[in-house]
Structure formats: structure tokens, C-alpha cells
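Please find one structure pasted underneath; my questions will follow.
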Amino acid sequence: MDHATLPIIIFILLFSGFIITMIMLTKRGKEVFLRPINGLKVIDDAIGRAAEEDRPIMFNLGFDDLSVNLFCSLAVMGYVVRKAAKLSMPVYVPLAQPLAYAMAEEFWKDGYAAMGKEGMFAVEDCLRYMSSNQSALGAGIAGWIKRDHVGANFMFGTYGFESMMLAEAGQQAGAFQIACTPSFYQVPFFMVSCDYTVFGEEFYAAGAYFNRDPVLTGSLVGQDYSKLVLLILIVLGSLLLTIFQKTDYLRLLLQW
Amino acid sequence: MQKSKGKIFWIVLGVLVLAIAVWGEFRAGSIPQVAARVKDLDLPNLGVYRLQTWIAALSCIAVYSFLFKENPFYRFFEHALLGCATGYSCAVVMRQNLYSQWLVPIKKAIVNVAQNGWTSSDAATIALILAGVIGLLWYFQYSKKYFWVSRIAMCISLGAGAGLAFKDTFNQLIPQITGTFKNVCPSEYVMPGATLMERFYMGCENFIFVIGTVSVLMYFFFAFGNKNPIVKGSSKIGRWYLMIALGAFFGNTFMSRLSALIERVHFLMAEWLLISQM
Amino acid sequence: MSKRNILKIIAFVVGLYFFLEYILPEKVGGEFDSYEVGCPVTVERSGKKLQFYVGNYYKGRGIIGRMVKSSGKWVKDAKPCLQRSLFLKFDQYGLTEPDAVSAPEGLTLLYLGQNEKEPVLCYAVSEDDGQTFRKKGPVVISTNEVFKTFENAPNGQIPDRIKSFAADFRNGLWEVYLFTMTYRVWRAEGPDLKHLSLEAAPIVSSTLTEKSPNSFDVYSEGGQPVLVYVMDREILEFRRSGNDWESKSWKAPKGNGTNDTVYAGGRMDVGEGVLYLGTKKMQKGRPIDSPYETQLASVALRDRGDGTPLAPEMSVYKKVGASPRPTYLSYGTEWAGKFLTVVGSFAIFIAMINLMLFHGKKIYQSALNYNAPAGEDKLPGGGAPMRNFIKNAGYSAVFLIFLAVMIVCAWKGQTDEAKGTVWKTSFDFLFNAIQLPMGSAVFSMITFYMISAAYRSFKVRSLEAGFLMAAAIVCMVGQMPIGELLASLVPESWKLLQLPWLSGKLLSVLNAAAYRAVLIGTLIGSVAISLRIWLGLDNSVYSSVD
Amino acid sequence: MTEENKNRSFWDRVQFCDPRILYALFAVVVIVFEMVQVKMPVPNPVWVGKLYDRIENLPPDKAVLIDCDYGAGNRGECEGQFKAVIQHLFSRNIKFMVVTWTTNVEGQKLGRQVLDEVAKKMNKVDGEDYVMFQAIVNAGGVTLQSLAKDIHGFVVKDINGRDLGDIPMMKNFRTIADVSLIYRVAYSWGGVPWIGFVQSVYGTPLAAGSAGIESSTAYPYLDSGQLCGLLAGAAGAAAYEKRVMEAGITPETGIGTKTVSVQSFATLFVVVSILISNFAMFMSKWQGKRART
């Protein structure tokens, strides 16, 4: 409608209420339960396997510029770099956006510094800005994977058609691959060539799970409650329509 | 030995294609469709059309050559494309957008005000000058000190986007929710004149639809229900539904990419080599 | 006040305007009929002259109000007597074109209920002379004595969709005349409004022109029904003689209003002639959709005898109700649209300026160390400086040349007047020779990757990947002519083996259900993100500011 | 054949063959079926028929708003969808207005070329039967709100710089209430939020012609009635062209039909290659297991 009807105003108050209260609660330190994402439990196994075969680890940040998606990916990268630093393994990070390079460098150095291994690997050969052109980016990273015989390949963030080039190159090199992306169109290509694929809202859940940022975690929980309300409405509406065949009461109420 | 055999193969293929193309040039004059095409694109004469087709064909081959190795032939055409695309969109914005949707109305409003005094609509149009001033703020991003000023224009667009997001979201969401109220066993009232079997099939279809939406919604729950058996079971069903949806996405992606390539092959063969029907 | 907070406040204020404009209604206060009045219908009930009419608060949302004539003046009821109800889906978007009939069981008001599908003819009955009504739902008409309503045929199986109607109750029998979308008039009669049987053939079809009437009404004169059918200022009257209907037509006189077309809208005896009072649609003076000053009245006086019209008499019974106070927020949306589009169009030059700076710097630096000693960016073996210059700066020069040429040609060659000039030809040439083929070639290049990726890495390693592969193959082949070819080999009844049918169901049921849930998640996600940006909780957007 | 390939089993060589062989086979399939235009029974999806019937019953006194936003990359699919619908509208003498966006100026140029070609063939006049607006900046919902409320005030001129006020046809089309159908031809049909700001607010029916990739996201909206028609990829264009040809509006076979007949065999080639490679994988696994026992 041009202006909000009564049901829409109720929905807006309800959903905003859920989201804002959950953000405030998590800011005040209330411990919030987030179920672990099954694809991400195997990150440690992937790094362990790569360390056994003494093959490097690669972490792709996708095509995101400064945005919520980039911060989710960087949170997971921080975790991976710390785990790899403990086993003194290098982590290669190819990048597609100049602004993302600066942020990634910061996270990368913190990870190694936290494990007391600052000087172990040179930043220049681990972090490299490839190109903002999708086909050049895909070809460049595919070549890098094959040349360095990468052992574990993590693909986080949004991707275009270059997702195919990376997934196929990684699969050819026999790497253990985990993909986690909100872009729904590339999920089929990841699904058939990666060992684990995480997609849709789970990408944001992964970001929240690793960096425990109160705003992101709180809003995720608030969104869950909103989706629960909508789910109950759907089940109720279908039941009512099946019982009262003639008039669809809940639909008329919502579209008042 | 392997490398040289590959090279010979490509040289032979190249010469063959070139021969067909040159042969096509001689026949071009006599083919009626080519003349019709020249009239359609209202080009001055056949020569210009053939030159345009040759350059278009060379740029296609340049792009496909990138598949094997990045080469200067490809980089030349890539920079040419970048130049054309950027130039064309800036020319359109300057002429059709800034000049005639912003400057011309303001000029007309000022003339109108000068002649017969202030009216509310003229004042509103003149106030749009403020939009131009704020638009110029974008260019402060080149100065280190006043970088944040360039963020003002971004904030205005972001704020407007956030404010309007509620309208866009709920105007789309409500019909999606009420659209999922499906009648699981439709009666005679709902489907007049349908046999029992048809109504049973429609009931099953609606049941599958509602179960699909509910289970995939549960699949994307993160904050609760981890141990609850219903949520675990239905999110497993949800994952099967998602597999089928992803399969449909994959199938349709292939459809698009194939038709793009076939359109290019049609151009190369029909308009350049003139060996297939226009 | 840090710079980041200033930016957050600006974003909040702009967002607040659009948020409030959406949440608050466009206008508050004012009477229910403050936008438009129309469709008056008069009836006499227990000695009182009543008049019902349709009032609108928003365009198209009809509500029925009542007026009573007491001591020569029409007095309007404070509250409307009939409006759309929450749980009756037939008049979800309002009520229009009422027709009041005084029947033994009570004053009956038939009306057309507006909803997302076709209009539905419904009726309501009142015991207290029209102050309050009880809705009885749709009128049921049938051609084969089976009086049943269906979801997609609420008025029963009638041959055509209803456009207008007229109803009358005479000696114990209900008569309803339906004027349909294909300009036919059907007649139905029955003991009550839930059992009306339709006559086999339309009673009036030939004489009506292909133009829909302004209004359509029936009244009884001397025990016989008279059908009045008005188009602009042409009035046709149909009287039954035997079992067919002959029509008489006459032209209504021009009133003293400017373009007042006359409508038949109910009948009330006024001494010397038959007064067609009021209009089905309203009229008088102002054009139909100008709000706020419309009036309702009408008259085309007609002499009882030979049909020569007398001078019309114009009188006003009902003006538009008290107008509401606008919230003034909605006035600004158009201007805000232009404002933000202009701000947006300035941003497009940044891409061009960045590219020009980048390539310009490359050319400048290569020119600077043109004959400098061999550096690492020189070709191995110390090639001639000119070859190095071209290797580094050549492509940037290509970009700048094409950029400049395209801007000039596009600026001059855009419009049709430039047809035939050198600018339009060179603009078309550049577009069709470089931009178009390159764009589609780059898009189609990925097909080769897909083919090799499809062959090598799309392996069914798990049951899930198997499901995905099966759905993909069904979808691809099902939507192609090959699927149609294979389907023609399979007998018609084996639906599951028909790929086009299967891919259709897969897309419109399974894929639609799954993607709808993903869509709901995304929409709720966008509410969360815009809430965080609007309230300034999200700092990732301002990360490059101090 | 390299040394290492020789001692691998036959199925392994099939499974990991050189991609160049695949490209060569694929090129042969496409070139052969491009030369031999095989006549194929064109599929008939439900939502193409629904859009055709809706345009067949459109009121003549209202206009259709076409949003032409496809690019060079998806000419193969969207140009057929655009051309077939404007031929149908011309044949029914329904006036239409074409909107284009500055974010994709290729759509304006490609649409203009197709429009001029079809108008010349069916002798229709620019300004009386159709009009193409100048490009508008796509600033999201706020642009659509202003466009819907006052078309003349917002767009100001058409592509040739003539004021909308002096264009004869535009006299009786001022707001979205005078529009009977919105038809968006684009790579992604959801790129411009017509549903959130125009379809759900004013009830104007919205139909879409989109590239195959994005058409799968349209089905929830078709089910809920927010979209009233969909042409999905080249197959959708071919289905609409078949209806237009059967109605005798244009004798020539459309772009969609030509693309779809070649595309069938290309799709078959890809499907067969996937099945072969999976079969080869199972066989080599099975041989490996048999060798071990």
C-alpha cells in the first residue's frame, strides 16, 4: 500500500522490537546461544590436514568492498590465520578490492602476532591484490592454486561466475575446500566441487559466530524470532483456509 | 613436439576461417539479406557495414583468445570496450539526465518566476539546485582533509534507502505470506466441476508447497531449536528442497550462458562469414 | 560531535522522513465522504423519503451513506450505514452503485462489491429503515436451477461478468437486470435473492451501441417494468410489450451547468412530471474525478404525456463532506525523488574520473622515465624505449582515445535529428563494432568454463549432489524443444515422464516453495540491515571516516 | 598421449580428458546445428500464455509501460522477448512508453534499434503509437514513486529531446493510473523495485521477461500473484514468437526461435557429457574395487 496498513505497522513494531532488544541485550553482555554451522566445524580438520601434507592454506575474501559481508569474512579469516599460525603454516589471501586489501592486512598481521609468529611469513607474498575484473581475478587465483599446490581452500564472501574457476582449480589440486557465500546463484557450482558448502543466511551466522560482534549477533537472533512469527502465521493460515473453505480469514486480516 | 602440433592446428584453422571470410566478402554484394541489414542499421553503404562486421568479429575472437592466454590483442580490445562503455554512459548522463531533467526545468522555472512571480511548483524546481550542490560533494573524496564531506551525499542516499526499505520489504512480504496459505484439501466450492482425483492432486501439491516453505524457513534458524527434534528433522527436509531449488538455478544458469554463446556464433557465421542463414 | 556522528544524524533524519511518510496516513480527520460523492438512490419506506449514496474517503474506496427528507430538507446520518467488512471478501476494496428496494422482509440494498477479482453483486437487509444493515452476501443466479456459489463464481454460473445492474421487487417477485461487460442485458427473476433463475436469452442486445452507459436503472410504472439506459445525454427507455421489449429514446435538455450529462438514478414523483433524481455516477458541473467540490443533484424533468422534456431544474442535495487535514508529508515524495536522482547522477562521473586519473598517471610516468636506465619494468634485453613505452602506456592511451571519441560521438549522435550526420553514423559504428560484440562475447566466454567444469567436477559424490544434478537436468531439458520432442514419444497419461510438465511443476512448486523461504529470510535480513544503518548501529559503512 | 596417461585405465582417461577436446566437440555441435536450422516443436510454458492472453484483452484507452533494461550480454534471450511483445502491441494498436535507465545505457540503444526496425516494418509513428523516454537514474524506490505520481513532471523529455507535453500520444497518459500493464525486459527482473513501490501500491499488473538465470527467482512472485506473466530465457521468447506468428502478425522467425533450436542440441551435449563423466567415475571406482579384492 502507499501507506502502512494496521497489520504492517504491527509487523514493523514487532520485528524492530525483536531486533533492537536483542542487540541491546547482547551489548549488555547477555550470553546468546548460536548453533554452530556444520560446514565450519571442519575448519580445524582442514587446516590440520593441510599441515600434515605441508601444503599452504588459501583464504578468498570474494568480491566484497567495505560492507557487512567483508567483515563477516574477515572474522572467519582471523580465526583461520590464528589456527594456521599455531601450526606455523602460511595463509595466502588473494584480494579483488583495494580497500579490502588494507583491512585484510590488518587482520592477517594480528593473527600471526597473537601467536607470537610475526616475522615468519612476508606479507607481500601472502597477501596479493589481483584485479577487479572478474575473469582476470578467477584466472589469476586458479593459477596461484595450481602453482603452489594449495592444501586447504576457503572461499568466503560474494562471488560471480569466477566461483567456478576457483572451485574447479581447487578440486583439481586435491585441496580440502569449504565455501561460504550469501550469493545464491553460485551455490550449485560450489556444492558439486567443494567438500562443504554453507550458503544464504548461514554466511552472516558464521560471521557472528566467530567475531561475536553484539550488533550482528543480536540482530541475527532478532531476525530468528521474526521468522518464527511468520512461520506460525503460515501454518495457522493454511490450517484456517483448509478448515473454513469459503473465506480466507487470516489473509483478509493481513491484507486489510 | 606436442606444442608445435598444437600451433600448427591453430594456424590451419585460422587460415581456413580467413579464406571463408574473404570468400564471403566477394559474395556479400549479391546477398539480399545483407542489403536489408544495411538499410535496417541505416548505414551509408555496404563497405561501412562490412568494416563494422569485421571489427566486431575480430573483437569476438580477441575475447575468446583470452581463454588460452592473456595477449596484447585482447588487452587492446578490452581497453577499447572500457573506453566506449564509460564514454557512452557519461555522455547519456550529461545530456539526457543532468542537462534536460535538471538544468532545463530550473531555467524554465527561473524564467517563469521572472515573468509572473513565484508559484509553489517553480520554487520546488529551483530548490533542486541544492541537489546539485550536494552532488558536487561527492568530489571531496579526492582531498585527504575533507574526505568525510564526500560521505554526506552517500549518507543521504543511505538514509533514504533505509527509510524506504520498510515500504519495499513489507509490500513484498505480506503477499508472499498470504500466498502461502494453501488449501490442503480443496472442496467442491473451491474447484467447481473438478473430479475427486484432480482435487486430490491439487491438495497434494499445496501440501508439498507449504511443507517446503516451512521446512526451509526452519533450516535457516540459528538461535534456537538445535536440540528440538522437530526443527532438526524439518531442516533436513528443507535441505532436500534447497537441493532441488539449487538444481533449478543451475539448469537455468546454463540456459542463459548457452544462448549468449549461440547468439555470438550466429553473428559470426551469419553476418561475418555469411555461411548460415541470416 | 565527531564527523561520524554528524553523518549518522544526517542519515537518520533523511530516513526518518521516508519512514514517517510510510507509517503515517496521507490525511487525518474529515468525514467519510470528504473525497467524492456519487451514485444516489432514492426509495420511499414507511412514509419517509430516503436517499442512499456512495461517499469516498480515498479514491475508489466506496462507503454507503443515508439521508432522510424531513420537513423539506435532506438530513444526513452522522455514521455511514454500510461499509466494507473485515471478513467478507466480496467487498474488500469498497462498495459502489447501490440500488435500494423496499421489500416485505425489509429495506433491501443491492450493491456491487469491489475486490481484487471481478465485482460481485451482493445485498444487505435493514429492519430500521436503513440506519443499519445486515449483509447477506452475494446474490445467487443460475441458468440450470442449481443455486450454488463457487470461489471463482460467487454470483453463480452467470454467462458474463457484471458491469452494472438494476433491481426491483414487484408483486412478490424479485427482478434483477444485469448489464454485462459485453454490452448485453440479462433478466433474472425469483422468489428471493438467493434463488434467481436467469432467462435463456439476453433481453436487450442489438440496440445497444458498443459503448458502456453512464447509468442503468429500472423502475415500475403502472405495474410494468421500465428500463432506463443513459449514455452521456441520450436516454433510452425500454418497455415490455408482449414478451419482447421496444425502446424509445430522447435527448435530455442541456442544463445550466457546463457539461452536465444526466444520469437516471432512482425515481421520485414530483407533481407535474417524473423526476429522475440524482445520478448513478455523479455529475453536475465538475468533471468526474475532481475531488473536494463535487456535488450531487440532478434533474431531467420529463412530461408525462408525449415525451417532450420540460426545462430542467438543478438543485443540490449533498455536497462533499468536511475535508480532512493532510499530513503534508506525502507532498514531498515527488520532490525527494527528483532530488535523490540528481544527487545519484553526479556520482556516475567518479568512475570516469578515477579511470582517467589511473590511466593518465600511467602514461605520465612512462613518458617521464622514457630514456631512463633499464629498470625492472623494462623488457628483458633492454628493448628500444619506444616498445617499452607502448607496453606500459599504450593501452592506457587506447582507453583515453576511445573515451574521448565516444563521449563526443554519443553527445552529438544520440537523438534522431542527428540521423545521417557523421556523428550518429560513427556513434552507431563504435557501438555496433566494439561495445556490443565485446559485451556479449565476454558474457558468453564463461560458457566454455562451464562446459569444462560441468564435465570434470560435477560428480555425484553424495545423495544431495545427486538430487541437485537430477533437478538440473530435468530443468534444462524440460524447458528446451528437445524436452517437447521426448514428451511427444511418451503417452499423454504418464505425466511423470513428460519432462516439460515435470520441469514446470519442479519450478512452480518445489523451487517456488524453497526460494520463497529464502526470500522471506532475505527480506527480514534487509529490515535488520536498514534498521542498523538508520539507527547508526552499523559502523562498517563509515569505516573510512575517522 | 603423455606417458602418464597410457597406463591409466580407459575410464580414467575418459574422466580426465583434455578440455580442448570438449571445446572442439561443443563447437562442432553448435556450428552444425547453426547451419542446419532444425525445425523443433517450441515448448509452451504456462506463464507465457497468461501474458499473451492479458495483452490480448488490454483496454485500448490505456498505455503499456515497457522497462527496457537488458544488456549486450543477454541479447540472445531478451531481444526476442522485447521484439515479440512490441510486435504484438503494435498489431493490437495499444500505445506503449519505453523507460530506460542511465545505469544501463546499452538497453536504451539496443531497444531503440529494435523499436525503429519493427516500427518501420509495421509503419508506426514515433510519438503517436509509441514513445521512448530519455534515460532516468535508478535511485531505487524513490524514483519509482515520483515517476508513478507524475510521468510528465519527472521524465520531462523523450529520447529525441521533445517535451512530453507536445507529444500527441502523451496527452492522456499522465500518471500510473493510465497504465494498464508494466513489462520489464532485463537480465534480472528484480533489479528495479516495481513490486514494492508500484505494483503493490497501485495494483498495476507487472510482467517480466528475464534471462534464464534470474527467472527461477520469479516463481514465488508468480505464485502469489505479484507477477502476472514471465518469459524465461530464449525458450520464453520462442514460445511468445510462436504465438505471434500463429496470429499472423509477422512472417519472419524470431531470434528466440533460432537460438532455441540450436540451444536444444547444445544442452543435450552438456547433459550427455555430464552423464558420461559420472558413469566413467563409477566405472573406474568399480574397477578399482574389483582390482583390490
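As written, the chains take the letters A, B, C and D, and residue 1 is the first residue of each chain.
In this text, contacts are C-beta pairs under 8 Å (C-beta built on N, C-alpha and C of every residue); 3 or more make two chains touch, one makes a residue touch a chain.
The shown structure was predicted, so the numbers you read here are calculated from the model rather than taken from an experiment.
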The chains touching both chain A and chain B are C, D
Any idea how many Å lie between the Cα centroids of chain B and chain C? 26
Measuring centre to centre with CA averages, how many angstrom lie between chain A and chain C? 40
Cα centroid separation between chain A and chain D, in whole Å? 32
So what's the Cα centroid distance for chain B and chain D, whole Å? 10
Pull out every residue in chain B that's touching 2 or more other chains. 41, 66, 88-89, 92-93, 96-97, 101, 157, 160-161, 164, 166-167, 169, 171-173, 175-180, 189-190, 209-210, 213-214, 217, 220, 243, 245-250, 252-255, 258, 260-261, 263
Multi-chain contact sites of chain C, meaning residues that touch two or more partners: 18, 22, 151, 336, 338, 340-345, 348, 414, 431, 435-440, 442-446, 448, 450, 452, 454, 456, 458-459, 464, 468-469, 472-473, 476, 479-480, 507, 511-512, 515-516, 518-521, 524, 527, 529, 531, 541, 544
Touching two or more other chains - residue numbers and ranges from chain D: 73-76, 102, 109, 136-137, 139, 142, 154, 159, 161, 200-201, 213, 216, 220, 223, 225, 232-233, 235, 260, 263, 267, 270
Take each protein chain as a node, join two nodes whenever their chains touch, and name the resulting shape: line, ring, star, complete or other. complete
In the complex formed with chain C, which residues of chain B make contact? 41-44, 48, 51-52, 55-57, 59-60, 63-64, 66-67, 75-98, 101-102, 124, 127-128, 130-132, 134-136, 138-139, 141, 147-148, 151-153, 155-167, 169, 172-173, 176-177, 179-180, 188-192, 205, 208-217, 219-220, 238-248, 250-255, 257-258, 260-261, 263-264, 267
If we count contacts the way the header does, which residues on chain A are in touch with chain D in the complex? 1-2, 185
Residue set of chain D touching chain B in the complex reads 2, 30-31, 34-35, 37, 73-77, 102, 105, 108-109, 113, 117, 120, 134-137, 139-142, 154-157, 159, 161, 193, 195-197, 200-201, 211-213, 215-216, 220-221, 223-226, 232-235, 255, 258-260, 262-263, 266-267, 270
Of chain D, residues touching chain C in the complex: 15-17, 19, 22-23, 26, 40-46, 71-76, 102, 106, 109-110, 126, 136-139, 142-143, 145-147, 149-150, 153-154, 159-161, 203, 216-217, 219-220, 222-223, 225, 232-233, 235, 238, 260-261, 263-265, 267-268, 270-271, 273-274, 277-278, 281
Using the touch rule from the top, collect the residues of chain A that touch chain C in their complex. 2-4, 9, 12, 15-16, 19-20, 23, 66-68, 70-71, 99, 103, 135, 161, 164-165, 167-168, 171-172, 184, 188-189, 191-193, 200-201, 204, 215, 219-220, 222-223, 226-227, 230, 246-249, 252-253, 255-256
